[in-house]
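Quick one: structure below, then a few questions.
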Amino acid sequence: MTITEDRPTRIETPRAGDEGCLIVSGNDSPGIVVALSAVLSELGANIVSFDQHSTDLIGGRFFLRTMFRLQDLALARPLLQTALDREIRDKLGLEWRLTESSKPKRVALFTSKTDHCLLDLLWRHSRGELNISVEMVVSNHPDLAEKVRAFGIPYFFVPVENGDKKAAEQEHLRLLNGNVDFVVLARYMQIISGEFIRDVGVPIINIHHSFLPAFIGAGPYKKARDRGVKLIGATAHYVTEDLDEGPIIEQDVVRVSHSDSTQNFVRRGADVERQVLSRAVAWHSEDRVVRDGNTTIVFAS
Amino acid sequence: MTITEDRPTRIETPRAGDEGCLIVSGNDSPGIVVALSAVLSELGANIVSFDQHSTDLIGGRFFLRTMFRLQDLALARPLLQTALDREIRDKLGLEWRLTESSKPKRVALFTSKTDHCLLDLLWRHSRGELNISVEMVVSNHPDLAEKVRAFGIPYFFVPVENGDKKAAEQEHLRLLNGNVDFVVLARYMQIISGEFIRDVGVPIINIHHSFLPAFIGAGPYKKARDRGVKLIGATAHYVTEDLDEGPIIEQDVVRVSHSDSTQNFVRRGADVERQVLSRAVAWHSEDRVVRDGNTTIVFAS
Amino acid sequence: MTITEDRPTRIETPRAGDEGCLIVSGNDSPGIVVALSAVLSELGANIVSFDQHSTDLIGGRFFLRTMFRLQDLALARPLLQTALDREIRDKLGLEWRLTESSKPKRVALFTSKTDHCLLDLLWRHSRGELNISVEMVVSNHPDLAEKVRAFGIPYFFVPVENGDKKAAEQEHLRLLNGNVDFVVLARYMQIISGEFIRDVGVPIINIHHSFLPAFIGAGPYKKARDRGVKLIGATAHYVTEDLDEGPIIEQDVVRVSHSDSTQNFVRRGADVERQVLSRAVAWHSEDRVVRDGNTTIVFAS
Amino acid sequence: MTITEDRPTRIETPRAGDEGCLIVSGNDSPGIVVALSAVLSELGANIVSFDQHSTDLIGGRFFLRTMFRLQDLALARPLLQTALDREIRDKLGLEWRLTESSKPKRVALFTSKTDHCLLDLLWRHSRGELNISVEMVVSNHPDLAEKVRAFGIPYFFVPVENGDKKAAEQEHLRLLNGNVDFVVLARYMQIISGEFIRDVGVPIINIHHSFLPAFIGAGPYKKARDRGVKLIGATAHYVTEDLDEGPIIEQDVVRVSHSDSTQNFVRRGADVERQVLSRAVAWHSEDRVVRDGNTTIVFAS
C-alpha cells in the first residue's frame, strides 16, 4: 500500500498589488541605508526584504534591492519618485529604479526548432511560477507554432531568407517595438547583430549550451566530448556584441562519463539548459539581477 | 553579436532491431561469466556492454546485465533461450531474463491533478528520450485529459466515487490487463491497495516527494519546512504494500533556505521530482534496475 | 609542459578591529530598518552588509544581521549599546546582540577516536579560514592527543569510567566554565545529558552522520545501506535534549550506489561530514545563524 | 540529550593478496569477452567485477577492466601471462596489463607552499583510504617539511635556483628513478619541461584550479572572478607537453556568488581541488583510469 495526499500545487500569489521593488546602485558612501529607509518609512512603506552588496569596504560600488509594501503604491508613486530623486539621486549621486510587482515584465521568446527551453518557460509561466507576460514567440522556423499557440500565445514566423538577416531583424524590431521589456533567446540559432542589440533597447538573455567561458561558439557539446570533460554545463547571460562574452546570470553543470555519446551530452545538457534559463528569467523578471560592468549581482537566495 | 549553431537535437536511434539485453541473477559461483559469454559467442552475438555486481566476494548474490548485438535476434531467440536454460538456469542455478530493444516496454501513467511529472514524461517520450510505449494515462480527475490527448495518448478518467476505491481499482485492472509491462504513478494521489499490487502483476513505480525515508506519508514538504531542513528531495521507488517503503530506484535533492515558503518547497521540489522520476522510468525501461530484496541494483553510468 | 603560478593562499584579514556585527530579532513591525540604520548612522557607522528575514508579510517574526564599520568600536560601544536599548529594545520590543569581529569566539572541540571532523576544523583554523579561538580539545579517548597538540592546542582526556557519565560531565563543566563561547561535538560518541546542556550555558553544535530526520540515532550508515538509499548525507545541528532533533544549521549529501559497502558509505560520508561541520562552525562563529524555534535562519550567501 | 554510537572507522582491507586487476585495450572485435573469461576460468580465477567500454558499436576501440581472485596469484602469474599473451595479444591483437592489489603503486608527491591538496592525500593515505605507497614528497620550498615528516614520509627540498629548472629536474629524476610508479603534482607551482615528462617514464597527475578548458594557465581564480562565473571548479589531469591540455581524469565545481572575493574563490576552490585530486589518485592507483587519446575511460561507479 502506498502513496500520498492530494495536495494541489496551488501557487500563492507571488506579489500583491501594493508591492514594490527598488534597485539602487552607484558609488558607495556612508548614509545610503538610512537615507533610503527614511524615504520609505516616511511614506508608510513596510520593508519586506533588503539586500545590499558593496564591491569594496571603501570606495567601492554599491548595489541594493529592497522589496516593500505600500498601500496604494500606484497612487503614492509620484511622491515616492520625487523623494527618491531628491534623497538618493541628487544628494547621494545614486541611480534608482522602481518596479511594481503587479506589473509583470513583458517578454518575447525567440526560438528555432529545439523546444525544450521554450516549452519549459511556457509551462512554468502557465503554472504561475514566473511573474512575466509572454507577449509573443518569434522563430526563424515554423515548426513550433502549434505547440506555442496551444498555450494561447502568438507565434510569429520570421524566416531568414537567402541569408538576409537584416530584413529579418527589421521585422523583429517592428514586432518588438514598445511591446516588450526584455527578450529571451530560448535556443535561437541565429547570430544577433550589434545594430539589433542597440536598436531593440531592452535586455536580451541568451542560454548558451556550455559552461562559459569553456566552449564558446558553435557545437559546444561536440567540443566538450572531444576534450573529454567530466561535467557539462549551461550558461544564461545577457547578450552583448561580443559572442558569448556577456555578463553571466546563472550557470549549472551535470556529470557525464566516457560512456556518454555526444547525443547523450545533448540530452543531458538540455535538462541543465532549461533549468538555468528558467532561473535566469525568473531572477531577471523579479529585478534580482543587476549588471556591474561585465558581471552581475544576483540577489537570490 | 552572439549565438550559436543550428544543430537540431536529432536523437540517434537508441537501439537497433538486433539488440538484446540479458539480465542474470542468483547465487554467485565461479564460471558464470565464461559460461554466459560462451553461450552468446556460439550464437555469434557481439557483446556491447557487460556490467556485473556481486554482493560479497564469497557466497554472495550475483547480478549481471549485458547488452549484445545478434543478427536476426527474433529468429535466433529460441536457440538462445534453450542455451540459456541449459547453461545458466540448469547448470548454474541462475535466473535469466531476455528483452529485445526493438520492443519498447508498454506503460500506463497514473496521475491526479498535478501535471509536472506527467508532462515531463510525455515530453521526453515525444522527444525520443525514453524507449517506452505509453499506452494510456489513467486519472481520478478529468482535468488533464486535453493536455494528454494533445500527445496522441488515450486518457481514462476513473473517479473514486464515494470513496469506493475497490470499484475504481477493478476498472484499472480491466484497463491494464495484458496491455502494459509496468505502471508509473506520476503524482497519483490515491493509496494503492495490496490486492491491486498483487493482481496487476507488473511493477509499479511511484515518485514520492521527499528524500525517503525522511518524511514518509502525506504532506512531506510541509513536514520538511517545519523541521527546518536545508535540502529537499524526491524518491522514485517500486511500490510495495508498505507505504513508501519499497525498493528505491533513484533519489535527488535541491537546496532550500529559511526564506523559502512551503509553496517554494513545492515548486523547487517539482523540478527534482520530474528529474528523478524520468531517470527511474528510463532505467527501468532499459532493464537497468534489478531488485535485490528491498534494495535495487542500478546498472547506470 | 604544464602548470601554474605560484600564488600563496594568503587569506586576507577576514575582519578588521573596527568591524561589528549586530543581530536583531523579535516581532516584526514597521520602522525597524529606519530606526536601526539611524542609530548606526548617528554614531558614524558605515553599513557593510545588511540581511533581513521576515517570516510573514504581516505579524511575523523579524530577523536582521548587519555588519558595519565604526572607528574605535570598542570605545564607542557603550554609546551604541545605550542607543540600541532605547531605540530597538524599548521602543520596538526587539532583542539585539552585538559582537566585534576582532574578538573571535572561543570554542572547545569534543571528539572520540574518529579524526576527520576534528582535523579538518583544526586545519582550517590554522589556515585562517575560521574566525575562532580553539581553547581546548576534550576527548573520552587518549588517541588523538598527539595530533591535536601538534597544532599547539591543549588536549584533555576525560574518560567515562565504568559508565559514570555524570563524573565526566562534571569534569567537562570545570574545564569549560567561563572559557568558551560554544562547544562543537566533532564526532563525540557519547550521549550528552540534559543537565549538561543546561549547565554549560553556551550553544553546542553536533555533526550527525545522516541526512536528518532520516536515520536518527546510532549506526546511520548501516541503516542507510540496508534501506538502499542512493544518497547519504550529514547534518550539523544545535544540540537539544531530544536526540538528533535540534535546529538544523547545515546539511549536504553525496551519491552512493549498490556497489558501495557500508564501509564505503562511512568513507564517503566522512567527506560530507567535515564539509558540513566546517560550514556550520564558520557560520555560527560569524553570527550568521539565528535560532527560530526549532529551525534556523542562516544569513549566508 | 543527543548523539550516537562509538563506531570506529575501521577501513576493511581494500584488497587481499590474491586479487588481481587486468586492463585490456585495443581494437574491438567479437569474442574478446569469451576469450578473456576462458583464460581466467581455466586458471581457476573468480571474477569479482567486470567493466567494459566500446567506443563504437562497430569498428571502435575496446577497453576492459576486470578484478578477479586467484589463489596464489603471484605463483600463478607466469602461467596467466603466457595465456594472456597467446589468447589476448597474439590472437586478438589487444594490449593487456596486469597488477596485483597487494602491491600498492609507489608515488612521489610534488608540492610548493600550499598544503591543502598534499595534506589531504597524506591524511587519506594514513587512514587507509588510498592503496598507494607514498615514497617521498618533493618541493621547491622547505616550508612543509615538518608537516610531511610527521606522517613518517621523507621530504626532499629541491630549490629552483636562479631559475635553473634544468638542474632541479635532474635532481628530481635522480630521486624518482626506479622508485615510483606515478607522480602527483599536488599544487606544484613550476612548469614541467617536456624532457622531464619523457625521461621520468611514469604518469604524472596534476590538479589545475579551474574547470578546464576554462581558465587555462596562471591565476584562474582571478580570471574566474573577473569573468563573473557562478561556479568554480578543479580538474585533475595527466600531464602532457601542452599546458593544461592533458587527458582529464576528474572534475568538480562549487557555487560562488558576487559576494565572494577572489580570496573566497581560492578558499572554496581549495575544497574542490583536494576532493578532485584525491578521487583521481584513488582511481589511478586502482587502475580504473585508461587513456584513450587525449581523453580517459574511468571505470568508477
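Just so it is clear, A, B, C and D label the chains in written order, and each chain counts residues from 1 on its own.
Assume contacts are C-beta pairs under 8 Å (C-beta built on N, C-alpha and C of every residue); 3 or more make two chains touch, one makes a residue touch a chain.
Treat the numbers as computed from the prediction; the structure is a model and nothing was measured.
K.L.:
Need the most distant chain from subunit B, centre defined as the mean of C-alpha atoms.
P.N.:
C
K.L.:
Give a one-word verdict, same or different, on whether subunit C and subunit D use largely identical residue numbers at their interface, taking over half shared as same.
P.N.:
Same residues, largely: of all residue numbers at this interface, over half are found in both copies.
K.L.:
Between A-C and A-D, name the chain pair that shares the greater number of C-beta pairs in contact.
P.N.:
So, comparing the two chain pairs, more contacts are at A-D.
K.L.:
Where the CA atoms of subunit A average out and where those of subunit C average out, how many Å apart are those spots?
P.N.:
Centre-to-centre distance between subunit A and subunit C: 36 Å.
K.L.:
Could you give the separation in Å between the centres of subunit A and subunit D, each centre being the mean of its C-alpha atoms?
P.N.:
That gives a centre separation of 41 Å.
K.L.:
Hunt down the residues of subunit A that sit against at least two other chains at once, touch-wise.
P.N.:
Counting only residues that touch two or more other chains, subunit A contributes 53, 257, 259.
K.L.:
Taking the touch rule as given, give the residues of subunit D at its contact with subunit C in the complex, in rising order.
P.N.:
1-9, 11-12, 112-114, 116, 119, 123, 127, 129, 150, 185, 188-194, 197, 206, 208-209, 217-220, 239-244, 246, 257, 259-261, 263, 266-267, 270-271, 275, 301
K.L.:
Give every residue of subunit A touching subunit D within the complex, in rising order.
P.N.:
By the definition above, subunit A touches subunit D via 53, 211-215, 226-231, 233, 247-253, 257-259, 292, 294-298.
K.L.:
Note which residues of subunit A are touching subunit C in the complex, please.
P.N.:
Counting only subunit A, the residues touching subunit C are 30-34, 37-38, 40-41, 44, 46-54, 57, 69.
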